[in-house]
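In the two complexes that follow, chain A is the common piece, with chain B as its partner first and chain C second.
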Partner chain A sequence: MLKIIIPTIMLLPTALLSPKNLIWTNTTTHSLLIAAISLQWLHPTYFPHKNLSQWAGVDQISAPLLVLSCWLLPLMLMASQNHLQQEPMVRKRIFITTLITIQPFIILAFSATEVILFYISFEATLIPTLILITRWGNQPERLSAGIYLLFYTLISSLPLLVTLLHLHTQTGTLHLPTLELMHPSLTLSWTGTLSGLALLMTFMVKAPLYGLHLWLPKAHVEAPIAGSMLLAALLLKLGGYGIMRVTMLMGPLTSYLCFPFMTLALWGALMTSSICLRQTDLKSLIAYSSVSHMGLVIAASMIQTDWSFSGAMILMISHGLTSSMLFCLANTNYERTHSRILLLTRGLQPLLPLMSTWWLLANLTNMALPPTTNLMAELTIMTALFNWSMPTIILTGLATLLTASYTLFMLLMTQRGTSPSYITSIPNSNTREHLLMTLHILPMLLLMLKPELISGTI
Partner chain B sequence: MNPHAKLICTLSLITGSTITISSNHWVMAWTGLEINTLAIIPLISKSHHPRAVEASIKYFLVQAAASALLLFSSMSNAWTTGQWDITQLTNPTSCLLLTAAIAIKLGLAPFHFWFPEVLQGTSLTTALLLSTVMKFPPMTILFMTSSSLNPTMLTTLALISATLGGWMGLNQTQTRKILAFSSISHMGWMAVIIIYDPKLSILTFYLYVLMTAAVFLSLNTTKTLKLSTMMTSWTKTPVLNATLMLALLSLAGLPPLTGFMPKWLILQELTKQEMTVTAVIISMLSLLGLFFYLRLAYYATITLPPNSANHMKQWHINKHTNPMTAILTSLSTTLLPLSPMMLTSI
Partner chain C sequence: MLRWGRWGRALRPRGGAGAARRGGPSPRCASDLFGEVGRALQRGLPGGHWGGPGRPPPEQADVVVVGGGVLGWAVAYWLKALEGPRRGGMRVLVVERDPTYSRASSVLSIGGIRQQFSLPENIRMSRFSASFLRSINEHLGVPDEPPIDLQFNPSGYLFLASERGAATLEHNVRVQREEGVQVALLSPAQLQEKFPWVNVDGVALASYGLEGEGWFDPWALLGAFRRKATSLGVYSCVGEVKSFVMSSENEVTAQGQSEPVSRIKYVNVHAPDSREYQPVACAIVVNAAGAWAGQLARLAGAELPVEPRKRFVFVWHCPEGPGLECPLLVDTSGAYFRRDGIAGNYLGSISPAEEDEPDTGDLEVDHSFFEEQVWPKLAHRVPAFASLKVRSAWAGYYDYNTFDRNGLLGQQPGVGNLLVAAGFSGHGLQQAPAAGRALAELLLAGRFRSLDLRRLACARLPARQPAPESSIV
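So, the complex of A and B:
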């Protein structure tokens, strides 16, 4: 664990002390090296946990997410280069430092085997995210977006802390591998039900579940590109990961508690997809598409079968990469036109021809075209849900249909049609952007060849 | 202020506190408290501003009343039990009276009204003294008598303090008043645990002193008395403002900052005592406080340029940042990893 965490922490002095002209190169290369080293976590072992120590360990569920979070850091750094170009050096350093500070906490959150450590690092990601959104966002609305983010998360997570401490008093330990071996202490009493709700609610807000998702589009719209990538690719996954961990502890209680969450998740997938269809703001559209995909993840992780867990895992990883890439693409348009409105920034294919290839690829993966891992994930989840209850096929089927339609809508709106007359000259897309897109799409393409790397338990 | 007078005041302040915290006899404890009160009054009124004089009179009246009540409670205890030992407070009426007296001294709601007013009238350094040093002797008395206090009453006081401290702070634009309400809600956190784990309560107090001192000293460096000054203080000390934001969020109790440690330990102790509902309520009430800390943090650093700045910029700073501020700020943001060590050593 420390092999990755210490180099990640050492990125901070790298960012603060690098010479002026090398700061981006140094930090990006260093973090890319860390990402390369982190790939060893994907190597399967006979034992459930790898590198298991008292407080941290990597298992099949956390390994892909850990690698994803290590992978995302260089990409976030690359994506932020352009909008920081005009800033003085000190602010660049502080921005990079903020971005890097989140990384050790996310790694700790995904690898912690002690639940309180998980809780602390889960919450610790909040402050840097808050700074990222409210300090580096563009509109004045970013302040309320920050307040929404903080308060939604904290209101739901303080009961979680109390419940965890209560569980600790009852069972004497909060060590996850030990807890999994013990009989679940949550019963069907009122206390048990409330504890179960408190355990789930934090992650439902973070994932986010439809109805508890209002902070997300706000945060996405206001955040700078790195913040959006971070939210979509990693922080939402903390929610999904938390649900998978917690439902394992809850035992029989989940089968009673799952109904409202399943309803909201599936209905939410449908509703948010429909919201996407009438969305005018590109970033908001991608944010709602995240909510819809995470709805499927929530539904899958609530029914707790091997297939559904593996589907949820694959969907989290592929959605992490896809949505992050979509945000990057939206940002390349935004940096050129300074507008996120779909109506104003349409028909960009003649102007940025190579970029529209990336748009096509990203949208095809987002709408889960065969043979992408997104399709594999959605099929696995749909099968698992169908097995759980037949009528769900109507909802999941409709959601898939709507996903395809709004993705197509997004692609057609941004790329096809006549270019508007007021966009006469825009800067060409540059190598950095193409590299950024390549580094997003490459893992997705490669994972198609070996999806069992990210499929969790199976 | 005349250096001699200042020296005498400071020395009496130290003497008074020492007498109270080391005494075993109620009369000595009372004497120490009175010395404390009399020593701080010149410090409060030193600016000779009408508000400062008003504050010192308010402070004197409230503290004198509280001390009298304390003396009365100990005397009635001595009347019924025949001894003056602080730890042997067995008469229930005396216990109630003492709780009220200490609540007045600490500014626990519903006896908190004097506290923001007095803080508003004084300078930032005196306000720091009032919310840290002056609360230490009453805390120790509470600590020593914790075994005989009434749990229901203290829990109620604590919850009311946490509520009012958070709620009334929402509406403030003066930093001293905001910090006064923050102090009131922190006193609530200390009072809720004093019966079950008095040492934890003292630890909470120490950490609160650490964090609030960091905030007060940072504000004092830039002479920030209200939010609109705070808005422009970044031009004076940009780095200090960034650390001030962290210190404020630490005061709010966000992990991974120091302020999370007392909250975590108190919630743990409360759940151990089967007071889960209280734990949930008081943790939710801390969110009220978080809102105004967050607003302070926004003003301190997050709304920096390049965004629009429609105010006069301040460029000159006539004093250096105290090195103490740096030490206190770093302690008040990074102590959380040490919590296992602190927990075993208290």
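So, the complex of A and C:
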């Protein structure tokens, strides 16, 4: 544990003290090294937790997400190089520092065994994200986006704090391994129901659930590329992960409380997929597709079976990589044409053929093409939901259909069709962008061969 | 980030249509009071909606239209109209430096529309515009607003040709008829019978437009485009574009030569009467700056052969004049006049010869021009004009395309994302709806869809292929 956390924290002086010409090289290489070391967490173990200490432990649900978060930092740094080129050195350092600051908190959040520590690191990730969106976003709407993000998360997480403290007073501990061995303390009374809702609400907002998702399109669209990657790949998964952990504390309540969330999640998957078909803004389209996928994750996490947890885990990892890759691709478009509108950045295949290969791969994984892990996840979740209740197959089936249709729409709009006549010269795709896409797609391709690494139950 | 206190104090509408929308009556009851307070808060707090002049420009826009004349607003309107009904969508910003339009060609125009051109593309554009103006309330009608009244006088254009110009006139009429224009050819006898007040001495042939020709109120059209575009979500701001931030790189052409191609990254919009400016990040810039389009292109490091040319218009009163049955008559000498209202006022002028172009520094009227150039020719053609009293006069600019006196539509050669809609040399107002639509289609669909205007593309400039127009008024 420490062999990851200490180097991550030491990345801060690396960013602040590196000489001017080496800052990107240093930070990217060292974060890649940390990512390589973090792969050891994926090694399966017979014990419930690896590297267990009083505060942190890695188990089968946390390990893939931890590896993803360590993997994503070098990718975020690589993606941000271009748009920070014009900024003075100090601002570049502050940007990289902000990105690096989030890392230890996310690692702590995913590996915390004490629920209050999880809560603290969960909230702590919010501030650097807010700084990223409101300071380095491109449009004036980023202020509104930051406020939405901040207040949606804070308002829903205050009841969580109260409930956690109450639970702590009741049970005397919030240490997860201990709690797994105890009887759940929440009953079917009003107190119990409201405590259960309070426990869940934060993560529903974070995941996001369909009715509470309004912050997500704004935040994703207005954030700079590193912010979008971070939000899509990691912070949303905090919500899914939190639901998985917290439903363990809730005991008999979930069999009654799950219905509104299931309904909203599955209906939301349908609705947001339909909204995607009507989007004019490319980043907004990808943001709504995130809501759609995470709706499936929430539905799976609520029914709490082995298969559904496994499916949710695989979907979280695959969606993290796919969505992050789509945002990177949208960013390469934006850097060239300075517009996110689909009508103005279309028909780019004849102009940037190599990048269209990455577009194709990303869209294929997004629409859950076999044999990608996205498909494994969706099938697992659909099966688990079907087992839980037969009519859900209609909703999940329609959601899959609509996902395929809007993904195809996105691919055909951006790559095929008439190229804009006024784009006469466009900077070619450079190695950095190709490397970025490779590093996104490579884990997905490798995981196809050994999905047990991320499937969460061994 | 620069603050723009100056922008807030620029040109607030005092009275007139603007205040009626913004201010409202004084509060009479409690709910009115809350409304007033709310509106005052909304005006005072930063952010919120960007509406009308007086707000600083946004930091980012997808399309920046430089020039708030009829062509600029037409492009903005068609961009939003063709994009389809969506919430959000692309952000179009129209930048206008003079919200009073004191020197803009659009509103100083006499507002004529004709289909009697020699270039088929011009004819098609004017026909499209005529049908657009006929159904203007379907296109530009805003719910809950009074219907648009263009005050269109369908009195037609009457072109007179001498012996020398008769063949050209007949050829032009044939081209026009092929395009479907209703135009009548009149012999001198027929002309005398139809318009008894004309002196047919020296006239060999006349062509009279029977449908879709006349004159209208340019202010009404500009205001209609502006209101509808704003209701569709187009942003507008007051400011002057004084510079661009561009990036440039060399590309190898098909002939193997290395040519620099540049891209506009930011448009620096300067606040009026101030040193503040806002760099607006943009994807596309549309040059609709009218007479100053050439100047704007030079700011972007490109050449556009559009320059301002001053033209006068004189208004006189002649009680024995032609009366109500009076088209816009274009004489063999080039002088023209039309009826203005129903009280016996007429307006007219002549385009000066190339050597005698007046100085374009200001819009001062040279009254001797009327007495020396206009009056003799008009008095010869219409004997009743021998005695008249000049009421007033004004001057305006033609956005004169020195290459071939026709509009330029399309991508500026040399700058990747600068699109041009300028250089219409006196027939810009009448072709604005068509030109706006053509440019919007070029942007959204990649090619001209409804009207094939490839001959008017800017690519004809480096290729040295003029699209000539013989009937320029």
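As a convention for this text, the second predicted complex is superposed on the first by the 457 of 458 C-alpha atoms of A that agree within 3 Å, B and C clash if a C-alpha of one lies under 4 Å from a C-alpha of the other, contacts with A are read in each partner's own complex, and residues count from 1 in each chain.
Just so it is clear, a residue touches a chain if its C-beta (ideal position, glycine included) is under 8 Å from a C-beta of that chain, and two chains touch if they have at least 3 such contacts.
Just so it is clear, the model here is predicted, and its values are computed rather than measured.
**Student:** Quick one: classify A:D281 as touching chain B (first), chain C (second), both or neither.
**Tutor:** Second partner only, chain C.
**Student:** Examine A:W307 and indicate which partner it touches, taking first as chain B and second as chain C; both and neither are also allowed.
**Tutor:** neither
**Student:** After superposition on the shared chain, which partner residues are touched by A:T337: those of chain B (first), chain C (second), both, or neither?
**Tutor:** second
**Student:** Please indicate which partner A:S121 is in contact with in the superposed arrangement: first for chain B, second for chain C, both, or neither.
**Tutor:** first
**Student:** Contact-wise, after the overlay, does A:T424 reach chain B, chain C, both or neither (first, second, both, neither)?
**Tutor:** Touch partner of A:T424: chain C, not chain B.
**Student:** Which holds for A:L143: it touches chain B only (first), chain C only (second), both, or neither?
**Tutor:** Both partners, chain B and chain C.
**Student:** Just to be sure I read the superposition right, which of the two partners does A:R135 touch: chain B = first, chain C = second, or both, or neither?
**Tutor:** first
**Student:** If we overlay the two complexes on their shared chain A, which of chain B and chain C does A:W388 touch? Say first, second, both or neither.
**Tutor:** Neither partner.
**Student:** Show me the chain A residues, by the header's touch rule, that chain B contacts in one structure and chain C contacts in the other.
**Tutor:** Comparing the two interfaces on chain A, one with chain B and one with chain C, the shared residues are 140, 143.
**Student:** Quick check on the complex: what are the chain B residues that touch chain A?
**Tutor:** Interface residues on chain B, with respect to chain A: 242, 246, 249, 254-257, 260, 264, 267-268, 271-272, 276, 279-280, 283-284, 286-287, 290-291, 294, 298, 301-304, 306-307, 336.
**Student:** Give the list of chain A residues in touch with chain C in this complex.
**Tutor:** Those in contact with chain C are residues 138-140, 143-144, 278, 280-281, 284, 337-339, 341, 343-344, 347, 417-425, 427.
**Student:** What does chain A use to touch chain B in their complex?
**Tutor:** Those residues of chain A that touch chain B are 87, 94, 105, 116, 119-121, 123-124, 126-127, 131, 134-135, 140, 143, 146-147, 150-151, 154-155, 158-159, 161-162, 165-166, 168-169.
**Student:** Can you list the chain C residues touching chain A in their complex?
**Tutor:** 47, 58-60, 62-63, 83, 86, 88-90, 249, 251, 261, 263, 265, 281-284, 410-411, 416-417, 419, 442-447
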